[in-house]
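Two complexes, one shared chain (subunit A), two partners (subunit B, subunit C).
Let's look at the complex of A and B:
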C-alpha cells in the first residue's frame, strides 16, 4: 500500500507540539499528586514508634483495620454525607433562585450580578469566621435580627450538638451558591426565547413554563454544578475548622476533620495516612459515580 | 410582565442581596464599633458612632488618644496581619503569574490539539483538583522538614504552582476550544510556525480568558488555607489565612477580629469584581464537553 503523500511537510505534529506544551503541567502535577500519594501509601502500611525519635516499622494493614474500629472515623462518615447532601442541595437551589431572578430584565442587573459573586471570592476559612459572627450568641447577626423583629426575646444558641452540621452547611452554601448561580446563568443564555413565546401562546403559566422549558434546558448545568460542589464540599475542611472546630464535641466532624485531628493534633502520622486513603477513596468513588451519571445524562439529554 | 410578578421579582432580588451581604455587612458593623457598644442591648444593627480605630491600629497608623476602657489592640494583631498580608502577596503574585503562563500553554494544548491519552490526562488533571488538601499535606510536611523548606515561602510556592497550573489549564481549555480555528489555520498556511501562530494569533485572542485565569489563580493562592496552616504557622513565612485564623483561635476581641477580616477581604473583593466581568466568557462548563 502506498502512503498518501502530504502536500506540505508538517513542521511539528499535534502530538509533539502538545507534549512540549504540556511538559511543565505534567511535571508539577506529578510532583503534587504522585509524590504525596505514594509517600502516604507507604506510610499507611507502617507503624510508628516513638523510641529514640520517630521510627517506622512495617505494620501491614494494621492502620487500615484500626480505622474501621475507630468510632470517631466511623461516625464522621454519615456526618460527612449529611454535610455534603445539605450544602449541595442548598447551594444549588439558592444558586438557581439567584440565576432565575437575575436573568429577568431588571434595573442595575449588571451591578447586582457582579456583587452576588463576592461570597464565592471569599475563602472557605474566612467564610467560617464570618459566619461565626452570624451565629454568635451575644453579638451575632441572627439573634440581633430576630430580636429586632420581635420574633425571639432571649438569645438562642445556634451551634448545638444537634444542629452544628446544619449551621456549617448554610455557611458553606452561602460560599458556593454564587458559583452555582453563574453556571445556571450561563445555561440560561442557551434557551431560545422562542420557546417561551410558544409556551405562552399555548397558555402555559409561569410554573408550567419553568417546568417544561427552563428546567429541561438547565439539566446539563445542573449536573455539572452538582458534581463540582459535591467534590468541593466533600474535600473541604476550612469552614468547619473555623466555624465549629468540628464540635461541639465531634458533632460536626466530617472525615477530613478526623484526618486532621488524628494526624496533626495527635501526631499519629501513619494512622492519619491510612485514614487519608479511606477519605481519598470515598471522594474518588463519589466523583467517578457522579461523572458516570453526568456523561450518561449528557449523552441522553444533549445540551442545547 | 404582570405587575404582581414584577413586585415579586423585586422582593426576590432584595432577599438575594440581603442573603449575600448581611454576613459581610455584619462584620463591617462590628469592626466600626468599640467593645462597649457592641455588647449593648439591644444589639446595634448599625454603628451609632463609627470609628476607624481598629483599622488604624492594625495598619499601624496614628490613632487619637481615646479614653475608651478596653480599647487596646495587641501589637500582635498588627504585626501578624501586616506580615501575613506581605507574605500572601509575595506568594500569590509570582505564583499566579507563572501558573497562568504555563496553564495557558497546556490549556491551549488540551483545547486545540489532538494527542494520545488526552482523556487520561484530563482525568489526571481533574484528580489533582479532587484530593483533599488535608489528606496530602503530611508528605509535604515531612519532605519540607528534611529539606529545610518548612516555614519558607519557597516551599509554599512550589505547592501552589502544582495546585494552580492544573486549575488554570482546566479553566482555560474550554475557552481555547471555543476560539475560531480559521484565523490560526490561515496564519499557519501563510507560513507561520506553530509557536509563532500561538504567540501572535491565538494568545492575543485569548487575552480576556487569560486575565480571568490569572485573577482566579491569584484569588485561589491568596485564599489558600490548609497548606499554609500546616506548613507556615508560627514562622516568619506565615501567610494571611493562618495569621487570621490564629488570631481568631486566640479569642481576639470581636471588633479587632472583624477589622482584621475586613482588611483581608479587600483584595479579593476587588479582584472578584474584575473576575465576574470575564467569567461569563470563560465557558467553564465546557471542559466536560471536551471529555464527554
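Let's look at the complex of A and C:
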C-alpha cells in the first residue's frame, strides 16, 4: 500500500524503521479511530425510524439537506466564528505576553511558572462554573469588583443575548492562555541567546529586538498554537454548557452545542452525525485558510 | 546569565524593569484571581456565600467542612483514584505510541507522511460529541464499558492524534545536523532517537506528557459515558454536584480545587524540566 518509488539504498532501512515505529499508532488508529469515523459517516446518510425500536434506512443526502434549512444550525455558524475569533486572539496574545514575561530573569518566576498553568488545569466545565459566578448579577465577582472600585453603581447583567458569546470567549481565553504561554515558552528556549547579544551590539531596542529576533523565531510556535487553540475552541462544548447553557435562548450556542442538542437532547442520531460532518468541513476550511494566511504572512515578514 | 555588552542607558533600564514588573503583575493577577477566588469560596459556609455583598468584600469565617464532606463521600474518593489511574495509563500509552509515530512521521521521507499528519489534525477537529456514539458502540461490543481499559481507550481516541501531532512539531524543532552527527558517530536510527532527539526535546516531551495527563484527568463526556456505573470517574462525580436541586457552591468549588491538585503537582515537575531545557540550551 505504501511503497515509495525510490531506488536510494537508504530507503529500505528508512521504510522498515518507520513501519516499526508506526505500528502501534496504525493498529490503534484502525481499532478505535477509523471505525468510529466510518460509522459516523455511514450514520449521516441514514434516516432513523423509531417504529419498533430504533432502525436505520438509507436516506441519501436528506440529513445534509435538512441541516441547510435548520435555523439553529445556520445561526450557530456566525456565533461560532465570533467565539473562535475572539477567544483565540485573546488567548494567543495573553499567552505570548505571559511567555515573554516569564522568560525574563524576574524574581519568583519559578513559582509563577508553575502557578500560571492553573487556569488550564481546571477542566472546561469547571471553567464554566467559575466564570458563571464571576458574571452573576447579584453575587457575582465582576459586579462586586466594579462596585468596590466605584466604576458602576448598580449591578450589570453581563450575559445578555447580544454579548453572551463574548462572556464565554473571555472565560475560554482565560482557560486556554496558559497553554499558549507554555508553547511560546518552549519556543523561546530555541532562540540562540547570541542573536540578542548581536542585536544589542547593533543598537536594537527592546521593541526592535522583539520584532526582528523573537517574533520570527516564534513563527512556528505561533502557527502550531493558533491552529491548536482554534481547533480546541471550535470543538469545545463543556464551558458553554455550564456557563450560559447556550443561552439566553440560543445566543451563545456554537455549532457543537447544536450538534449536542440535536443528538442527545432530541435523539436525532443520524441528523447529529450529518451536522458533525458539516462542522468538520467548516473547521477544516477555517484551518486551511488560517494556515495559508499565516505562512504567507510569515514569508512576507522576512526570514529569520 | 544575561551579560550585556554595551551598557544601555541606566534610567531607561530601570523604567523598563518597572514596566515589565507592572505588566507582569497585572497578567499574573488576572490569570490567577479566578482560581484564588475558587479556593477561597470553597472555604466558606454556603449561607455566607449567598449573602451580598459578594464574598471577597466582607469578613468571613473559613471552614474546611466541604473538604471533609467530599472525602467522606465514597464515589468521590473512588473517582479520584480511578481518574488518576486512567490519566497515568493514558499518558503512558499515548506517549509511547505517539512519540514513536511522530518521530517516524517527521524523520522519514514518505509521500504519505504529510497526508497522515494532516489526517491526524483533521481527525482531532471532529467535535467530541460526534464520536461518542460510535466509540461507545465499539466498546460495548468489546465489553469494555465500565472498565479501566475502556476509559483509557476512549480517552486515547482523541488524545493520541493530538499528541502525535504536537510531538511531531517538537521533533521537527531538533536540528537535523545533530541527528546526522549522531549517525556519523555510529548510532542506529533507534539510537539517534533515544540518545539525541529525545534528550534534546525533553522539555517539549515532558510538557506534552503532562498535557496528556491533564486532558485525560479533566475529560468529562467520554468518562461519563464509558464509566457509567461501576467505574466512577472524578469529573462526572463533580458534575453531579452541579445538579439543579443539590447545587452547593462551596462544595462544587472544593471539588474543583481537589481536581486541580494533581495538576499543580505536575506543574512543579514540569517547571524542573523547563529549567533543564534552558540549561542544556545554555551549555550547547
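By definition in this document, the second predicted complex is superposed on the first by the 254 of 304 C-alpha atoms of A that agree within 3 Å, B and C clash if a C-alpha of one lies under 4 Å from a C-alpha of the other, contacts with A are read in each partner's own complex, and residues count from 1 in each chain.
The definition used in the following text is that a residue touches a chain if its C-beta (ideal position, glycine included) is under 8 Å from a C-beta of that chain, and two chains touch if they have at least 3 such contacts.
Keep in mind it's a predicted model, so treat the numbers as computed, not measured.
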Partner chain in contact with A:40 - subunit B first, subunit C second, else both or neither: both
Partner chain(s) touched by A:178 [first = subunit B, second = subunit C, both, neither]: both
Which of subunit B and subunit C A:154 touches, first, second, both or neither: neither
Partner chain in contact with A:200 - subunit B first, subunit C second, else both or neither: second
Subunit B and subunit C contact sites that coincide on subunit A, given as residue numbers: 14-15, 17-18, 21-22, 24-25, 28, 31-33, 35-37, 39-40, 43, 94, 97-98, 101, 104, 106, 112-126, 129-131, 133-134, 138-139, 141, 143-145, 147-148, 174, 178, 182, 185-186, 206, 220, 224, 231, 234-235, 237-238, 242, 256, 259-260, 263-264, 269, 272-273, 276-277, 279-280, 283-284, 287
In the complex, subunit C residues that touch subunit A: 1-6, 8, 16, 20-21, 23-24, 27-28, 30-32, 34-35, 37-38, 41, 49-50, 52-57, 96-98, 100-101, 103-105, 108-112, 121-131, 133-135, 137-138, 153, 156-157, 160-162, 164, 166, 169-170, 172-173, 189-190, 203-204, 207, 211, 214, 217-221, 235, 238-239, 242, 249, 252-253, 256, 259-260, 263-264, 267-268, 270-271, 274-275, 277-278, 281-282
Subunit C partner contacts - residues on subunit A that touch it in the complex: 2, 4, 13-15, 17-18, 20-22, 24-25, 28, 31-33, 35-37, 39-40, 43, 94, 97-98, 101, 104-106, 110, 112-126, 129-131, 133-134, 138-141, 143-145, 147-148, 174, 177-179, 182, 185-186, 189-190, 193, 197, 200-201, 203, 206, 220, 224, 227-228, 231, 234-235, 237-238, 242, 255-256, 259-260, 263-264, 269, 272-273, 276-277, 279-280, 283-284, 287
Interface residues, subunit B side, partner subunit A - complex: 1, 5, 9, 12-13, 16-17, 19-24, 26-27, 30, 38-39, 42-43, 45, 102-103, 105-106, 108-109, 113-116, 121, 124-140, 142-143, 158-159, 161-163, 165-166, 169, 193-194, 219, 222-226, 230, 241, 244-245, 248, 254, 257-258, 261, 264-265, 268-269, 271-273, 275-277, 279-280, 283-285, 288-289, 291-292
Complex contact set, residues of subunit A against subunit B: 11-12, 14-15, 17-19, 21-22, 24-26, 28-29, 31-33, 35-37, 39-40, 43, 94, 97-98, 101-102, 104, 106, 112-126, 129-134, 138-139, 141, 143-145, 147-148, 174, 178, 182-183, 185-187, 206, 220-221, 224, 231, 234-238, 241-242, 256, 259-260, 263-264, 269, 272-273, 276-277, 279-280, 283-284, 287, 294-295, 298-299, 303
